[in-house]
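Take a look at these structures.
Below, chain A partners chain B and then partners chain C, in two separate complexes.
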Partner chain A sequence: MNFSSKLITDAVDAFSQLPGIGKKSALRMVLHLLKQEENMVSQFTNSIQDMRMNIKFCNECFNVSDHDLCGICVQSSRRASSICLVESIREVIAIESTQQYNGLYHVLGGLISPLDGIGPSDLRINELVKRVEENDTQELIVALSPTLEGDTTTYYISKQIDPTIKITTLSRGVAFGGELEYADEMTLAKSLENRVPITQVVKNDD
Partner chain B sequence: MNFSSKLITDAVDAFSQLPGIGKKSALRMVLHLLKQEENMVSQFTNSIQDMRMNIKFCNECFNVSDHDLCGICVQSSRRASSICLVESIREVIAIESTQQYNGLYHVLGGLISPLDGIGPSDLRINELVKRVEENDTQELIVALSPTLEGDTTTYYISKQIDPTIKITTLSRGVAFGGELEYADEMTLAKSLENRVPITQVVKNDD
Partner chain C sequence: MLSKLFLYHFKNYTEASFDFSQPICCFYGPNGAGKTNILDAIYYLSFTKSYFSSFDHQVIQKDQKGMYTKGIFDKTQIDCIIRENGKKEVSANGKQYERYANHIGKYPAVIIAPDDIDLINGYSDTRRRFIDILLCQLKPTYLSHLVDYNKYLAQRNALLKSSKSKAIDSVVHNHYKTELCRLGTLIYQERKEIIEELTPLAQKFYSQIANNKEKISISYKSQLSEGAMHDLLDQVQEKDFATMRTNVGIHKDDLQFEINSYQAKNHSSQGQKKSFLFAIKFAEFALLKKDLGNSPILLLDDIFEKLDVERSQHLVNLITELDTQVFITDTHKGRLTNAFEGHNNVQFESIK
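Entry: the complex of A and B
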């Protein structure tokens, strides 16, 4: 596409670097901003600039934060005896939006992946081990993706943690509301293997 | 969604003001920028800021431009005797990408729409009339949307222009590659009414 202006071309190129944005959507955004007042556009770019320059990571759990401790770690109502281990802040947001978890988090910063050159020392595993030991942690919930890398990381970490601490992981099986025929074979086979007594399902739904 | 950081929340809000972007896509963009180097993010915001602050509009055709005249008006290879009237720069880009038009443009800046309080004086109609008169324009191609507002504007402008100048508009009918059964009734009825000899279709396709 020829935008007959280098300024427009540069702005479209900037937007189309974002995930999921092609040239057409980028142009739509640029034309939208072109119609806005100059101070609205300054506000837009400043909030992005501010976010990148001033963001901090929580000293405890490595979640994003505006201060030294994140909004979750400072809440005294949270159960400090439970730590949920997640890959990134994306999962913190996902679990928080279920409103079902009242403990703390630990953001690992990735998964062990030899193919991508990511080893245990690149992740915040030592910080986790230290945190679990120093605080009176009773349960570590490992909420990593059910992939090869996730399972490798889960296994590695489970070997580092004091064996007296209860380590759990998310249950796996067919998704709620999903139709059985569309579940992948692996999931269906595993959920058949790990079948649970019907009384437990009914009890959990209460 | 609770992002446990005001900086993240503000940046997500900024992105979700853009057309077609919801909170989830906005978060994806923010997390993407969070992973980039600081100077990459500065480059991103600067190119948007620059675009808004420094953009100019062509003195001749009102297309966006980096200088007093746009990239299309300065091309001496363009046929200056033909002016294509469009609503906005969006249509300039669309027509340019067909690579079928070699004349100049005139960006009207909207359509006459009494309901929205847009009258002829809000548009660049006087500039068009003056331009057509002063230059040796032979054809004015009115390429406005085939809507009520577009047709009203086309009619109004056709009355303002020197009647010795040839005024044409885009042909209307069923779209290429579209299936007849999915064409709307109005389009189908009009394209039946305005049917053309088959020799003309074959000739045009050559």
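Entry: the complex of A and C
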């Protein structure tokens, strides 16, 4: 695309670097900003800049934070004896939105994948081992993706953690709202293998 | 049985329709008339993709933007449409499939074309792919084992390559080794069993085509037949670290084809190789027919290529005994009508 202004071109290029944004969407955003008051645009750019410059990572769990400890780690109502291991901040948000978990997190920062040049030392595994040892951790919930890389990482971590500590993983099986007919064989086989007592599914009235 | 075929903007056809009333249909006509394209259209209706073109846009007639093929299988109408925006739609009796995978296998087909001779002349990956495609259709879990094996293999090789710059983590490495052994052994067993099933069938078909003159053998060559994969990996560990890749495993498997104990690839004539190809593909057809309970359509492109008169006649006799729908192409009408003389369930279609 050719614009009469180099300034517009630069702005469009900048926006189109964002994930999921093509040249056309980028142009729409730039033209929208052009219509705004100047101070509105300053506020907009400042908030982006502030976010990047001032963001911190929690000293304990490596979640994003405004302070040395994140909002989850400082909450005294949280059960400190339980740590949920996740790949990235995205999973923290996903699990938090279930409102079912009341323990702490540990953000690993990736999964072991030599193809992508990521080995155990590139992840926050030593920090996790130390944290589990130093705190009175009773349960480690490994909530990593059920992929080959996730499984490798889960296996690796299970070998690093003190064997007296209870380690669990998320259950695997047929998805909610999914139809059995369309579940792939592997998922269905896993669900059969790890079937659950009916009382967990059907609530008894009496 | 496919009773009707309609093509619109498919390859060289602007618009054409065919009615099939007989189980065997022969297309004849000059070079470039579009005989093979008809077979490809039938293949497309079966597999929702072309056998000869790797990209969907290549099946659309030159200077056109979309295509439509329709086939009536028994009482079901199958439509394959590529819209002008490149979107593909496959539907049965007007109901569109959400996933092509739900369609594939309902109207199976086996195609044999001149280029398939690569199975005998080509590299080992062609032969592994042949076995893999067959097993994927027969065993539902095979594909996921194979995909996982290849992913672990890629990860282990990447890990071995990273040893240049840093020490290899033994826990991660052991995990990859354990998984490769588990999956590799499963795949080895599946391949071994299917080849044991395939071989006697192929031998029977070859004898029929060659009139018992020669005896063929198919043997499965795998390092895993020499020992457990775990031991083999331990033996080559040093070599693996030096070469920075995995030197043993089912990714090195091959099939050895022999005619009268001579390797077919190097010691056989063109006609013998072609007979071998037919024998293997017919064996594949027989296995699929047994397993699917739905006889695959046979698509034989340039059927008499490289075969002598005698073998051609045996081949035709064999085809008429297979009890399935067959589509055949050849350039000479006379050759076809002679070969099928005495059979009345054959129809001949001229393609110009």
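What we mean here is this: the second predicted complex is superposed on the first by the 201 of 206 C-alpha atoms of A that agree within 3 Å, B and C clash if a C-alpha of one lies under 4 Å from a C-alpha of the other, contacts with A are read in each partner's own complex, and residues count from 1 in each chain.
We adopt the following convention: a contact is a pair of C-beta atoms (placed from the backbone, for glycine too) under 8 Å apart; a residue touches a chain by one contact, two chains touch by 3 or more.
What you see is a predicted model; the values in this text were computed from it and never measured.
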item	value
Which superposed partner A:Met186 touches (first chain B, second chain C, both, neither)	second
Touched partner set for A:Gly20, first chain B, second chain C, both or neither	first
Touched partner set for A:Asn194, first chain B, second chain C, both or neither	neither
First (chain B), second (chain C), both or neither touched by A:Ile55	first
First (chain B), second (chain C), both or neither touched by A:Asn102	neither
Greater residue coverage of chain A in the superposed arrangement, chain B or chain C	B
Overlap of the chain B and chain C footprints on chain A, listed as residue numbers	none
Residue ranges of chain B touching chain A (in the complex, touch as defined)	1-8, 10-11, 13-15, 17-21, 25, 27-34, 36, 38, 41-55, 63-66, 70-72, 88-90, 92-93, 96-97
Chain A contact footprint on chain C (complex, rising order)	140-141, 144, 148, 151-152, 154-156, 158-159, 161-162, 166, 169, 171-172, 175-176
List of chain A residues in touch with chain C within their complex	112-115, 117, 119-121, 148-149, 152, 155-156, 159-160, 184-186, 189
